[in-house]
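Alright, structures below, take your time with them.
Each of the next two complexes has chain A plus one other chain: chain B in the first, chain C in the second.
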Partner chain A sequence: MNRQKRRTGRRHPLATVALLALGLVFTGGAYAAFSTGTAQAEADSTSQQTIEEGKKLFQANCATCHGLSAEGTDDGPSLVGVGAAAVDFQVGTGRMPMQMQGPQAQQKPVQFTDEQVKQLAYYVASLGPGPDIPADHLTNGGGDAANGAELFRINCAMCHNVAGAGGALTEGKFAPALTDVSGVHIYEAMVTGPQNMPVFNDMNITPEDKRDIITYLKYVQDNRSPGGFELGSIGPVAEGLFIWIFGLGAIVAITVWITAKSN
Partner chain B sequence: MSTATTNAPQKRSFTAAASVYVNERTSLAGFVKELGRKAFPDHWSFLLGEVALFSFVVVLISGTFLTFFFQASMVEVHYDGSYVPLKGVEMSVAMASTLDISFDIRGGLFVRQMHHWAALLFVAAIGLHMLRIFFTGAFRKPREFNWLIGFVLFVLAMAEGFTGYSLPDDLLSGNGLAIINGMVKGLPLIGTWTSFLLFGGEFPGTAIVGRLYTLHILLLPALVVALIAIHLVFVVVHKHTQYAGPGKTQQNAVGPPILPIYAAKAGGFFFIIFGVLALIASLFTINPIWNYGPYDPSPVSAGTQPDWYIGFADGALRLIPPGWEFVWLDRTWSFNILVPLIAIGIFLVLVAAYPFIEAWIKGDKREHHIADRPRNAPTRTAIGAAGVTFYAGLWAAASSDILATHFSLTMEGVIHALQFVVIVGPFIAYFVTKRVCLALQKKDREIVLHGYESGRIVKLPGGEFIEVHQPLDEYDRWRLVSFESYAPLMIRPNARGRITPAQHVRAALSRWFFEDRIAPVSRGELEASHHDEHH
Partner chain C sequence: MAQDDTSGADLVAADSSHAAPAASPGTAVIAADAFENPGFPPHRPRVTDENPERQKRAQRTVYTLFYLSILGSIWSIAAYMLFPIESNDVGMVRLNNMFFGLGAALALLAIGFGVVHWGKAVMTDVELVDERHPIGGSPETQAAAVQVFQDSDRESGFTRRTAIRNSLIGALLVFPIPALVLFRGFAPQDQLPVPLLSHTMWKKGTRLALDPSGVPIRAADVTIGSAFHVIPEGLQDLEHGKLEEKAKAAVLLMRLNPDELNEREDRKDWSYDGIVAYSKICTHVGCPVALYEQHTHHLLCPCHQSQFDVANHCEVIFGPAARALPQLPIAIDDEGYLVAQSDFTEPVGPSFWERH
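After this line comes the complex of A and B, so read on.
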């Protein structure tokens, strides 16, 4: 009757499962602790090593236009005092390094890893004081959407459109769509005024108000229009085109069908 | 079934009995008999007016629903509905009630969207219908007044659309009213007074939504319904036009009778249009006022446009170069506003008056019930193409910013290109269209005289190669030869033996209209060509 004896301890049928679970928890925990550690190291803006790495990247990729120590040339402005936020926005959205001179820097696939972007940002920040990369609580969309929407309509919609669909400026310049921009980048754009955008400093729009604006834009990004397909959210032009081409087009096709038999 | 049989000797069906009952009290039978036997020629382009009519019915039905819930008041409230990004925002009752229709009333958003889409379709269908009438010459005697009524309906439809667009009191509609206010104030002398009269004080004031609502749901719809009724009575009185074909003459109208075939088709067609609009309304957002937020005179969103039918007026304003406003005699003269207003005014007057102008130039007093093929009236078709180009240029200009962003162009480049389209484009369109029409007429002549090219090459006994042409059958030929070719008018002295200046103008215009013309193939020419082919 050996077989019927209940097995306990390390011979318990579930022992392997428990061991496996324990192992996973430890490995996962260790990994989490480790990766948090690197993240902290990465975000260390004062670390000399970060700045050194950034300097190397800068000299290899940016110095042609901005000068060897970011003092600026005829082809690019000085970056002394633009702050980490400006670099994080321009490089982090793929606008820099710029593909070609034009009415404004075009967005393209990001050329650097997040870590390299931060290294570049802190190198430039070390050259002179400027706006820093914003803290998480300001950019995660946890504010008041109604206040943000009102501020957005008053300060931003004339170029970016009320739903953030973008709009035209003069001489081929334009305000880009905000439909898939991250909170951090929206915040950085407001404090640094990239391309043709004006700077909205903290006296003008407080950090909390900026958080509210991001909250509204996140709301628009995350919630589809309650009325159905948005047609690009660009207003009556899209609606007019739609009714002429698809609405009236469909109905004219039906009129042809209705009268087709008699011939 | 057969119950009501008061004075009938034998058993009658319920329908028959009911008909008799109704007829004895209304004498409708004669009317039904007359109307039911009206023939309605069958062609897809003859249904465009119906599209307009049916979408107007959808507008009426959906609009009635909206009046139950919309409140045309500009009293300020704090929004307390279910749309989060507007919670607590100060707005007018009009805006708040429109948001409630959109978010808190069952089916409200669907009906609102249906109302708006149907309105866009209504005006678009009117536009296409007018183009059909114009290019087929269906405005000629005796239908000139009906053209005029249709034109007034088009203007009323635009007015209906604009007043409706302005009612929700959101940012977009307020911006539209701000432009109207600017245009009114741009009128010399009376501008400011008129603006204050319209808005009940300084713009935007607190009266305009209520006033526009009265226009939108009472005055304008009453006028539209009345004019549609007259329009349709005229269609019945004049008979419908038809395209040339065997058996179709100026005296008859060939097609299925209204009862039962045509009525059944039209009834079904109404439900199809209702269905198409319901489908669009349920799938596609229109005028998302929740994005625009309440009206505030300071913000203007990028991509702020009127609905499509007001676009040509907005475009006209956008195309005016800078610097056309100056101070003279202590007053501001806004030619940047006056010039587009005058240009649009002249354009609209020409559209309305065209049937009378053409009739005068032709000196043709006969009735016309056979619709022209556009190529057979080359000058008219070319004038129409020029008008369409002018309108389309202005219309496109209203979306200059959208064109610039979506095609990666500069705004200035778009504006200059459209200025060219509006000013030079009509002339190019005129000449190209006229030449194309004449060429098509020549092709028709060629086909009538020599038939279609069959591609079959035959070697004659003498060694000559010829291509055998496939002759037309009589039905096809009828279509190609039955049109009228007008010769330019001769100047003749009037009863008192004088040639008036008006006569000179008329003769010059007539020469312009009919100098280049292709005559239809005559019987003699046809016989001669057949004679040729037999030898």
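After this line comes the complex of A and C, so read on.
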């Protein structure tokens, strides 16, 4: 009786077949869920195919300045060890490939699809260890905006303006506005220090603090100035100019009207 | 004084003829060469003078503006109640301010515009001349004024009783000195300001710590291209004067490629493997200099655009700053943390009386 029962359980001749079928269904289902859930699942950092694709893209688009194996030339630095985050920032915001040599790489429409950006990033990451593209929970703005605001004022506001409106630097360089930059790109910029921006590594500003800074910037992006017209948030010079031109202009116009002869 | 009372009496109607002014004694202008007074341009009647319809309309406009002003005032009161500031909602403050302000602006502007329009379009429109009065008084008035001074001098003895006069002058001269003492009160009362300005919280062995957390920094944490905003360890625990100390002791810590760092011979041991620490207080007027460019190694002061070259011991390369930023000599301790070798070797920040 007992033996009979066991034969109907896991010792059943069909159990192996059932187990195989179940395993196949789960694997296929998980694969389907994965590939539909994220389009970037194919650009896997460990996949040799991704790196190969990235290498082809690199040699076609970047090698002129950075060298055929990213070793750097007179026109561009070596990219060994800059990490996936640097490539994802520079290419993902359209700064690279660079339009022209100048004080600073200008932002322009992004040249590659998200997948191609990732392939390039993982190719460069495969050349030497460097900061990786940050995880979603660090860049989605779910942190402490007050702490982020304090850190932003201490570390970032002198160049980027306390409201993230950007500002001028020396000799034609500038700190760009942060009003429509994605959390991932803000994080990558802090870790890698693109252009002349200093590096803010994880010992300086911890990943959680970086998340708070992104939270603050998201808060500023979502809650515009309560005082009304903000004139670009670029400070007292812009506001003074506005009142000198339009405020005084209105006063002059009213004065002219008062003293003009009625007809 | 008497002439002032005749202001209305010498108003001359526009069409009255003007005689050429007679030459007054003491002037070189000969009457015949003087410009002839052209008088007024011909009187141009307004539309409202000629067309009673338009005048009525102008009147309507004026009183409509005044009624609008009343509406604006009432709206201000209503808006204050309709958009109350009850919670801590910034949006409600904005709405309240905006609608109250719109009402108040309408109330005042409508009165102003109404009065001006009334004066220009409806009131009598005749050009008039109000002749100037001579500025000087009559000889009798002038003599009387001089007499008043002489009498009061004689009666008070102001020029005769010199002791009284001089003591009064002395009292008046001393009177502003308390204001100067008040200015001195901006600096701490029980200490001399010069040593306060010359020394900061840094001393031998003080660890460099992160602003604002106060976590000490290891040399290994500072990667090339990094900029750390630094306070002395222990600043966070100060009970009093934390901001005063921070204002003097704030430091910017940067790591450059050691090959790119051009150091003075006597300061070779002030840095650690390309890590340099400089005062963040501009030597011009004391703004925080922290706009660091990691490739050009330029530090820009946002207030007056002074630029300092970090690779070249922070010398001034542009702008009004007079001196290089003071460098904080640093070293590492047994545990690998960055520490100060001493205080700054010169006062940080802008010039003051004893330091030029």
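Going forward, the second predicted complex is superposed on the first by the 222 of 263 C-alpha atoms of A that agree within 3 Å, B and C clash if a C-alpha of one lies under 4 Å from a C-alpha of the other, contacts with A are read in each partner's own complex, and residues count from 1 in each chain.
Methods note: a residue touches a chain if its C-beta (ideal position, glycine included) is under 8 Å from a C-beta of that chain, and two chains touch if they have at least 3 such contacts.
Quick caveat, the model's predicted, so the values are computed rather than measured.
J.: Does the chain A-based superposition show chain B and chain C clashing or fitting?
T.: Clash - chain B and chain C, as placed by superposing on chain A, overlap.
J.: Could you let me know whether more residues of chain A are touched by chain B or by chain C?
T.: Chain A has more residues touched by B than by the other partner.
J.: For A:233, select first, second, both or neither according to whether it touches chain B, chain C, the two together, or no partner.
T.: Touch status of A:233: first partner only.
J.: Counting only touches as set out at the top, which of chain B and chain C does A:169 meet: first, second, both, neither?
T.: A:169 contacts both chain B and chain C.
J.: Does the superposition put A:203 against chain B (first), chain C (second), both, or neither?
T.: The second partner, chain C, only.
J.: Touching A:255 in the superposition: chain B (first), chain C (second), both, neither?
T.: In the superposition, A:255 touches chain B alone.
J.: On the A-aligned overlay, A:72 touches which partner chain: chain B = first, chain C = second, or both, or neither?
T.: The answer is neither, since A:72 touches no partner chain.
J.: Of the two partner chains, chain B (first) and chain C (second), which one does A:94 touch, if any: first, second, both, or neither?
T.: neither
J.: May I ask you to decide whether A:195 touches chain B, chain C, both, or neither, giving the answer as first, second, both or neither?
T.: The answer is second: A:195 touches chain C but not chain B.
J.: Who does A:154 touch here: chain B (first), chain C (second), both, or neither?
T.: Both partners, chain B and chain C.
J.: Look at A:81 in the shared chain and tell me whether it touches chain B only, chain C only, both, or neither; answer first, second, both or neither.
T.: Touch partners of A:81: none, neither chain B nor chain C.
J.: After the overlay on chain A, which stretch of chain B ends up in the same space as chain C: 184-192, 220-228 or 490-498?
T.: 184-192
J.: Where on chain A do the contacts from chain B and from chain C line up?
T.: 150, 154, 158-159, 167, 169-171, 175, 226-228, 258, 260, 262
J.: Would you mind writing out the residues of chain A in touch with chain B in their complex?
T.: It comes out as residues 103, 145-146, 148-150, 153-154, 157-163, 165-172, 174-175, 216, 219-220, 225-231, 233-244, 246-248, 250-252, 254-256, 258-260, 262.
J.: Mind listing the chain C positions that touch chain A in their complex?
T.: My answer: residues 44, 46-48, 90-91, 93-94, 98, 116, 120-121, 125, 210-212, 217-218, 221-229, 254, 288, 290-296, 298, 300, 302, 307, 318.
J.: For chain B, which residues count as touching chain A in their complex?
T.: 42-48, 51, 84-89, 102-103, 109, 113, 117, 120-121, 124-125, 128, 171-172, 255-256, 265, 268-269, 272-273, 276-277, 280, 282-288, 290-293, 296, 298-308, 311, 398-402, 404-405, 408-413
J.: State the interface residues of chain A toward chain C in the complex, per the touch definition above.
T.: Checking each residue of chain A against chain C gives 150-151, 154-155, 158-159, 167, 169-171, 173, 175, 193, 195-201, 203-204, 226-228, 257-258, 260-263.
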